[in-house]
Every structure is written in C-alpha cells, then in structure tokens.
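This report refers to the structure that appears directly beneath it.
Chains here go by letter, A, B, C and D, matching the order in which they are written, and residues are numbered from 1 within each.
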Amino acid sequence: MARVAVVGATGYAGAELIRILAGHPGVDLRLITSRQYAGVPIDSVYPAFHKRVDLVCEAYDADRVCREADVVFTALPHQLPMGIIPDLIRNGKRVIDLSADFRFRDQERYEAFYQPHTAPDLLAKAVYGLSEWYREQVRSARLIGNPGCYPTSILLPLLPLLKAGLIESRGIIADSKSGVSGAGRSASIGSLYCEVAESFKAYKVGNHRHNPEIDEVLSLSAGVDIHVTFIPHLLPMSRGMLSTIYATVRSGIDEQAVRDCLEAAYRDCSFIRILGPKKQPDTRCVRGTNFCDIGCYLDEKQRRLVLTSAIDNLVKGASGQAVQNMNLMLGYAETMGLDAVAYPL
Amino acid sequence: MARVAVVGATGYAGAELIRILAGHPGVDLRLITSRQYAGVPIDSVYPAFHKRVDLVCEAYDADRVCREADVVFTALPHQLPMGIIPDLIRNGKRVIDLSADFRFRDQERYEAFYQPHTAPDLLAKAVYGLSEWYREQVRSARLIGNPGCYPTSILLPLLPLLKAGLIESRGIIADSKSGVSGAGRSASIGSLYCEVAESFKAYKVGNHRHNPEIDEVLSLSAGVDIHVTFIPHLLPMSRGMLSTIYATVRSGIDEQAVRDCLEAAYRDCSFIRILGPKKQPDTRCVRGTNFCDIGCYLDEKQRRLVLTSAIDNLVKGASGQAVQNMNLMLGYAETMGLDAVAYPL
Amino acid sequence: MARVAVVGATGYAGAELIRILAGHPGVDLRLITSRQYAGVPIDSVYPAFHKRVDLVCEAYDADRVCREADVVFTALPHQLPMGIIPDLIRNGKRVIDLSADFRFRDQERYEAFYQPHTAPDLLAKAVYGLSEWYREQVRSARLIGNPGCYPTSILLPLLPLLKAGLIESRGIIADSKSGVSGAGRSASIGSLYCEVAESFKAYKVGNHRHNPEIDEVLSLSAGVDIHVTFIPHLLPMSRGMLSTIYATVRSGIDEQAVRDCLEAAYRDCSFIRILGPKKQPDTRCVRGTNFCDIGCYLDEKQRRLVLTSAIDNLVKGASGQAVQNMNLMLGYAETMGLDAVAYPL
Amino acid sequence: MARVAVVGATGYAGAELIRILAGHPGVDLRLITSRQYAGVPIDSVYPAFHKRVDLVCEAYDADRVCREADVVFTALPHQLPMGIIPDLIRNGKRVIDLSADFRFRDQERYEAFYQPHTAPDLLAKAVYGLSEWYREQVRSARLIGNPGCYPTSILLPLLPLLKAGLIESRGIIADSKSGVSGAGRSASIGSLYCEVAESFKAYKVGNHRHNPEIDEVLSLSAGVDIHVTFIPHLLPMSRGMLSTIYATVRSGIDEQAVRDCLEAAYRDCSFIRILGPKKQPDTRCVRGTNFCDIGCYLDEKQRRLVLTSAIDNLVKGASGQAVQNMNLMLGYAETMGLDAVAYPL
C-alpha cells in the first residue's frame, strides 16, 4: 500500500483525487491539506464524502507530509507548487503536480506565459505525464508535470498521426469545448450558474495558456515547430471536454488509414477507445472515467481530417491521469482504481 | 459467482442494473434481454459501456433465461412482469421485479390503480423489497417486489417515527421532487430537453400510482389506515429525488428525539445517513450511489416536523436497491458492488 | 414620460429593471448607478444590452439623482436603502425599494431578523407593494417596500382564501422552490454552476428571512397571528419559483369553492392566471413575465388543500412587480411595459 | 394590418412564430393550423400563451387560409410545403416557407439531399430569405425560402469577407454548435432530457443537409465553387447557436481590416452586431432576439481568421428572420415586432 498525500485537497481537482484515491486498492490516503479549510473535515466541504472519506484537512506542513507520505499529489494554483516541490523531491518523495509548473521543457516558454520559474533545475528532471506517450519515463520519474485538460484532449488524437506523417504539421486547428469545472472552485462571477446556463461562447481566444503547452509537446514530438490555432469554448455543463481538431491529411491518405494508425498506436492502451466509422464521441460516455474516446472523419473534398476526442476534464484531463501516472510510477497495473464505467445516463 | 439475467435491459433502470452488476464482484452477468433492441450490442444502445460491457441484447426466451441464470431482474413496464415471472418462479429462479406488479399485498388496491392481476397467488409470496425494513423476509424470498422510487424516499424517513409513535399518523404530507429519468427512456414530448429545462411543476397531482403504494406500506407498518397527501414534482435534472415530508410530532417530542430515533433505527444500515442538526441532504451527494440521506427539522411553533430525504431515483430508488436485495438473498455482504462514492461535483 | 433612475443597477434585479424599463413606453430611463461598476457602460456588464441600452453606470450622487429623476428604484442589498431613501423622500421623489428595508410594518420584527432600523418613521408611511392587494395605497404612496419573491408567490394564493375564511389559519405549510438567481450576482461558491447543476436541496430551513415577512402580511390581513412553516429549496435553473402550499379547508368547502374564490378575487387582475381543474402551473410558462399562475387541488381524504403558484422570481418576484407599482403610482395602465409573453420553450 | 396565417403552428418554429406575431403591431394573426392538434386551443399545447394568444388550431384548409390571410408562414417538415404552396401562390398569397423546400436555386442539389421536387418551377421564383443579403429581392418576392439556422449563422460572417476578397475561398471550416430545439418537437430518444444533459457531441458529421445549402449560397455569391467543411455539434441547452468559422486571410490582411469590412457591410443592419477586439459573442446575449452577434480574431502565425457568430436558432435562425422577411415584403420597418432585448440572465 502506497502512503499518499493530497496537497490542495479542496479544489475540484483535489476533490476528484480524493474520490479516486479513496477507492484505490493500492493506496493508503493518509493526509490532505488545504489552506482555506484547515481543520475542517473533508465531508463538510464535500458532503458526498460523508461516511466514505474520514479525513480532516490540515494546513500544509512539509515535515509532516514527508513523514506520512511516499507519493504526493499537488493540486494547487500555478506558482505555488514550485515553491514546495523541490523540498519534497529532496526528501525522496514522488510528486505528481497537477499545475503547469512542471509541464514545460522550455523555461522561457513557461515564463512567457506564466511567471519567473523558481525551480528551473527541476524542469529537466520532470516528466510530462501524458501517460500513453511517456509511459517509460513516467515509470522512473520522481516528478510528473501532469498535463492540462485541453492538451490531453488534443495531443492524444494528434500525436500518432503526426509521428506517422499522415497529416501536415501546418494549419492544425483545435476547436475545444469544456465544462465549467475547468474554471475551478473559486468564486468568480463568470462561473455562476446564472452566467453559464443557456450560454455558450468562446473565451480567452488567442491567449489561453494551454496553447503553448500544446505547441511545445507537438513540436518536440514532430521535430518541427508547430503552432496550433486553439479556440476554447465554455459549455453549460459541469464536466466534460470535447475537442474537434482539423488537420490536412497528406496526399493519398484516406479515413481508414487514419483510423488504422490510431488503433495501432493505442492497441495496448486501456483508456483510449477509437470509435468506428460514423461514430462520434460523447462527453457523457466518458464522464467520471479515465477514458479518452476518439472519432475521425475525412472530408475528402478538402482532404480535411476531423478528429474528435472526448474526455472528462477532471479525470483523464487532471486527477485520473495523475493516478494513472502514480500507478505507472509504483509498478501497479495502469488501470488500478480507474475502472469506473460512466453512467449510462 | 451468481449467474444473473436482466430482462428489459435497455430502459434506464435496466441500463443502471447493468452498470452496477458489471462491476459487482459476486455476479456473472450472463444474459440481457430487450424486445426493441434484440440482436444489438448493449454498447450500441449505451456507448458508455463500450469496452466495459460486452453483451448483446437478446429477445426474451424463458428456457434460455432459466438455463443461464439463477437470479433474474425484471425491469419491464408494469403488467409484463406478471406474465413471465410465475414461470421463472416455478423453475426455481430468484426474481427481483422492478415494476409495481408485486409490490402490493392487497390485490384490490393494485387492481384499482393498475389493471387486473394475472398472478395473484404470487402476491402473498412476494416480499416488498424495502431492504432496511424487510431484510429477513428478503433473505429467504424467491420473489421481490422492488419498491418505487417515491415510496423509498418517503418510507425510509417515516417508518421509524411512525413505529415509535413519535408522530401522528394523520395529516402526513410528502412534497416530492424527481429528476426526469423517473419517466423512463420512452420518447414522449414531456420528457424532451426543451420541455424540461428551466421548468418546474407538479404533475399527476392526486393520481400518482405511488400514492397507494406508500399508503399500503405505512398502514401495514403502523397498524392503522394511513393516507399521505403526496405531491410529486418534476425537476430539471436527470437523476435524483428529494422528498420533503411534513408530519405532526406528538406532544413533548423535540427535534433531538426524532434524530435519535432515526439514528437508532438505522444504526447498522450502511446506506442510510442521518444528517446532523441544520444539515440538509442534497441530491448531488447521493447521485450514482445507493445512499438515502435524511435530514430533520422541527418547527416548534406548529409542532411540525420536516423530514427531508435524498436518493438517486435510479439507484436506491430502483436498481441499486434491487442489487441490495439480491445481495441479501444470496447471503452476500449487503453493500457488495454498491460502495460507489458520489462525485464531489 | 416619467424620468426614472435605477440605484444598484448591476445586480440581477437591477439588470432586470433595466430590461423592463428600457422597453417601457412611459419611461425615460435617465440614470443608473453602481458602486462596483461606476464608469462602466451597462452593456459591458450585461452584453445582452448592446445596442439596446446606451447608459453608463455612475457612482451614486443624491443630488444628481434628485435632479434627473422623479421615480427612483433602489435595488441594493438590505441596510443600504434605509441610508439613502429618507433623503430622496424629502426631495419629493417617489421611491420603490426592492430590499426588505421597508417591507415591514413592525419595526421590532424587522430588527429581529435584519438589523437596527435607521429610518423607522418611514416604516409607517411605506406601502407594501403586493400590487393586487394594496393597489389603492400604492397609487398614492411615496415609498414602496417591494415584496420578496417567496412572499409574493405564497401570499397571492393564500390571501383570498384566508380573507374569505375558506381555510384554517393554523397549520399552513409553504414548500417553495427557487431558481438560483434569487441568490443574486455575488460571487459565492454556493451559486457556482458546478455546485448547483444536478443538485436539489432545502436551504436556510428554519431561518429564512422571508418567513417573518410572510407571517406579518398574513397576520395583518387575517387579523389573527399566523405562522407559516416555510421551507425554501434551491432549483437547478436560473429563474423561476414555485410554491406548493398546504392548508386545511374549512368543513364543507370543496375544490370548486376554492377555485371560485380565487377567480373572484383576481377577476380584474391581468397578471394572475387561475388554472382550471387538473392543471398545474409551470415556471417555464411565466419566465420573463409578470404573471403569477395558480393551481389548486383538494385531497378530500384529509381536507388538505394544495395550492401551487408559479412566478418568475426576478419579475413578479422583484423587478416586474416594482414596475407594476410604478405604473400604479403614476396612473399608468397597470400592465404598461409588462405585456411580454413567455417563450413557448 | 396584415392578415396572417401560420401553417404548422405547434412545432417549435411555429410556436415561436406565434409568440412573435402575437406581439407584432402590424399583424392580425387570424389562423393557425396543426394536423396533430386540430381543434385544440394553442394555449393547451403551449400554456405560456394562456390569456395572451386566444386561437384554436385548425386542420389545414386551403380555401380557408386563402380567404383569411394575405401572408402565410409555412412551418412544416420538408416535403409538405411544396405540396401546398403552389396553390397559395396561385391565389396571390405571399408565402414564407421555413422548410428547405424553396431554399435552393439548384434543383439537382436539392434532390440529391432531400427528395424529388414537385414544384420546381417555383424554385426560380423563390427568394432565399437571408434578409441582410437579399433585401431587395425579398421586398418584391411572393415566395421566400427562409434560410436554415446553421446557414444563417455561417453565411452572415462569411459573405462580406468573401465578396470583398479578404479571405480565401478554399479551406473554410465551420464548427457549429446548436441547442436542442433545432431538432424540433418530435418525440425522439435523442432529444430526451436525460440523453442531452451533461452531453456534448458532434452529429451528422459529413451528411448534414445544411452543408449543401451553405455551399450553394457561398458559391453563388463568390462566383466560384465553394465547399465548407461543416461539423455540427449538439449543446446541452434549449436555444442558441454558435458557429466558429475558420478561414485563411489573404496576404496583408489584418484583424482590423476584417472588422472594418464586417462593420461596413452591416452598417445599416439593425440585427447584426459586430463586436470589438477581444470580445466574443455569447448565445445568451441573443436568446429570444433576432440579433446575430459576430466576433473576429486573427491568429497571425497561421494567417488563420476565426469568426464567431451567435444567433438564437429559433429566431434569427428561423421564425424571427421569417418575420423580418415579412416586414420587408410588406414595406414595414424591418425591425417591427422584433425589438426584444435578451434577458440579462
């Protein structure tokens, strides 16, 4: 049994971590921390946990975390993790960070879109936790920069096709739509029920910080500089993310070749489901699960490939993938604790 | 491993049975039937099951069901089950029926609100599957009449107080609110998204068929004739049911006495959570689970007790309680396969 | 054309006032104020107003308000209005206050549930703006205490029956359900989309401040002390309120007598629609309108009358009724600017 | 006052026509027809109309329609209108058809995607009712083929830029998202609340019948053959449509040039609102109105223009634009009866 701590337990990603870890047969969840709710039982913050999770939020105390846990999940706002993680690493802990602080290889890129990095030496040691693509590095990593939700939904369908040279690296577009939980649990007017219901709109057009993350991973993988036109939209629902991705197929490539490539790439990946012809993924079918469902369609008149991918932004897009990475690091079965089925409705 | 069949697998209750049974460690789900979708893989009807449930719907064939299964769940519209269950019982099967056909002890009452009963001899043998109250009878039963969702949410808070004589048997009101899934998966205009969203209303006022079911169970339990004023309402959400129940406490009874009585009654019941003072149940906190959360408040000026109970209408109100009953019948732990935690959001 | 100002224009009630007043043919909306958004065009705060309402929020300046407006709507949090209204009244303005500050006749009752009152002399002069019941007083009033949303939905069905002696004054219950907009536009976690969607619960049980307001008006009208057991619930939708009210009919009274009484009471009231037998009001059918739809049903076994009333909490429950009161004060047709039809879906 | 009939009054577009026409100062709505609800008062089908619209649905009778009405709106499923419209036209009626039957100039294209056309001679006489672009033809037309909702949302932002040569005609993508009301009021499982809530997905990918409509109008306008890659998605909300359109700007064109072109094209168009830099349209801000809000953004690294347009699919996307066309045909002010403001929330 791995001894585990969740630092930043009361945001949505933290709560989802607790939900998953509480039912994980290889985990002893010993410690959860929260600045805002220190001293408060977690089932007062999230009554869903009543009689299921019997933990009290604590103020963060590095010594105590190091004493109690071997694996530490940090689910804090950007900038905070880089202040506490170096210490945890020095103490031999395995750390899975859900913020952007350790997602970038390129310090400058991080600093251009976030802020000065105070632990740049760790950037090189951190592994980008897109589990299906960095599985071996994750297994031996001490520090995981867990991917953003949008990047996860966009990279999973694109990477096999780019690597195999089936699509052009130029002109890729990602039209993505996210449920409101992506904005977190902070009390902001834009996330109020009355502002979101019966509303749909694009937001942060041209300046969403997941764009450089997507670009970096694609560029590193393809070996050429890639820039994706990325347009995020806000959906009137709690959880779920769908990315509709447009790319140009190389001459001679048909829809079946694309599907074959995707299926081959993910043959041994339990969480990736490649849908058959004329089938489209639905966010509801991955809700609460670690699945990424992928559909594809080729508009032959334009040689335009349309990839669609659905994830739960809080699971495969955050906490579920974080646990998947923990499973890899600990030598557990990759699906351990992650075998939930989505509700049929 | 119990060999199990679900008859009527593609309605919402049937699909929810499949979801729960597919993850149940003591169940081998061998057979699912559907008139409408015979020959169709269940993951074509409910894509959420893709790569998780690998079964094809079959037309109902009594011989085949009897050969393949020891326990049969029937999730069919009222009137159909009484046509097929006698045969199953004769063949030694254990049957859990989710319709109203075997919920009543009083044949006349059933026939007044439904239709002529064609298997009246089984009414006396059937056990009303309100698990917490008929646990011993359920254990040895061959046929369970699984309770309706509204009755479950209303009976669980009321029964202990009526039995203990803390409340008057006259003048009880149940103001209940249900998510849309209670209407099932049939294509009716009233259940369309555009008819339900941003809508709230009472429906079937004065003629909902769960009213006689509630009245019968309360009357039998209390030993006096009880009639509840029951007003169901339709909520703009998929799952979840909350009943706000008004009763008059006997003289001298305070809120704490009520709470003590509820806690004592359900001390050993894993699925009943009695909330503390000033806490109110929320349907979201029981979503997808077999919990019934109960709150209470006494308006002392009127000696009016206000009980609130939240369930997931498809789980504790239907398929979850059905599996709980199966667990009891098979001598399994009562919570087996039913230990899900609700999503924190 | 009446010159009108809205003080507190950027909360939900303020915005709804602007929407209604901007289309009102007898109104010249000259001035809107907002502490938080002073200097900001209202169509930046509410883009729905783009090219329809061309006003800029101003900081509150009593002199300027007095100079520019003859009628002032105050849509501020409780306690603020009593600080500014005395000055407006002294300057001869007509004031319609949407807060609770001038709803009570009984200063002690106000202070028991809110805070010390700093303008108690105005309490006696203020008229409770339940338009259909205080029409004559409203016509000549200088200051209106505009009713709360819950009281409006509960008083309208009850008052005719209490006055006519058709129901008992004891034992009344109001089980009310409100959309989220009732909580206003403040950024609180409880009003976040992810906290409200697929959630339903009772809240502020036993201590909601609309309870004393309801009790005061009923008691004054009936001439006896009345206490209603009032249980508010939160609906997963933006707008709309439904109250299900339980009362005991006097001996010999049947459902038709109740309906006749309601119809007689509201014969000349354009905004009250009494529904026929077996019909139930739906919040969707009053959305965006000033209607109050009322249904009734008698459970004869218990002599229990069930009244259901639906309003839009922001219109008849706040800003629409405020404009209705303005119409009365100015001698306009009562329905002027308030003749919208709800969307059919 | 124009005498008006609505044929097919009980679908969502028909109901929305009634809502708008009932408040239109230049219209005398004399007659509504419905096969399914003949003899039923419209306020029984849509209780929102209670005490506002006092009409009874009738079976369709050509003579009666010709006697009673000068302007006829047909809101029927495709294929039915071409059976009845020739007769209406012969009788000198002005007809606005909301189906696809008269949207195409090219009979073959229509027949390839719908069915054989039985009134092909009228195709040449019908005017495509995209009001802002065919205003003069609409004014003198006898028969309007009212545009589809998706085409309206896609053509309005694209046409000015294509005509002005600011964007390439090749490689255009429209990623569109629609509320559920677009599927109409027929009872289909896919439109049930429980199937749509917390769900988002693409649908009819590669075979939506609005694609040839879009292509035809663009091709005719630009004088070259244009094919748009069009991917429709289903939003978990009732009304509203947002299209995110991707095109390549010609060399040297910047974002401001695009915005200037849009503003110039729509300078005198009351219903088109071009948003400023960094602003994005929101479906909520056009809900219930005839507005089309348009935003634009240029991703300069790729010379990729991103246009976003929001409409209410039932208003500007159907019934509102139909009334706008009627206004033009009758010489009324174009905005008559269409000046609603969206609810601020």
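Observations
Keep in mind that, in the parts below, a contact is a pair of C-beta atoms (placed from the backbone, for glycine too) under 8 Å apart; a residue touches a chain by one contact, two chains touch by 3 or more.
Fair warning: this is a prediction, and the values are worked out from it, not measured in the lab.
More than half of the contact pairs at A-C come back, by residue number, in B-D, the repeat among B-C, B-D or A-B.
In this assembly, the chain whose C-alpha centre lies farthest from chain A is C. A count of contacting C-beta pairs for A-D and for C-D identifies A-D as the more extensively joined pair.
With centres taken as mean Cα positions, chain D sits 39 Å from chain A.
Rounded to whole angstrom, the centroid-to-centroid distance between chain B and chain D, based on C-alpha atoms, equals 45 Å. As a whole-number value, the distance joining the C-alpha centres of chain C and chain D reads 37 Å.
For chain D, the set of residues touching two or more other chains reads 12, 181, 185, 194-195, 197-198, 236-239, 282, 284, 287, 345.
The part of chain C that touches chain A in the complex is made up of residues 12, 180-181, 185, 187-189, 191-198, 236-238. Remark: chain C residues 170-171, 173, 175, 177, 179, 194-195, 197-203, 205-206, 227, 229, 231, 233, 235-240, 242, 244, 246, 278, 280-284, 287, 295, 297, 299, 301-302, 304, 306, 308, 310, 345 touch chain B in the complex. Chain B meets chain A in the complex at residues 12, 15-16, 18-19, 22-23, 46-53, 181, 185, 197-198, 238-239, 270, 273, 275, 279, 282, 284-288, 293, 339-345.
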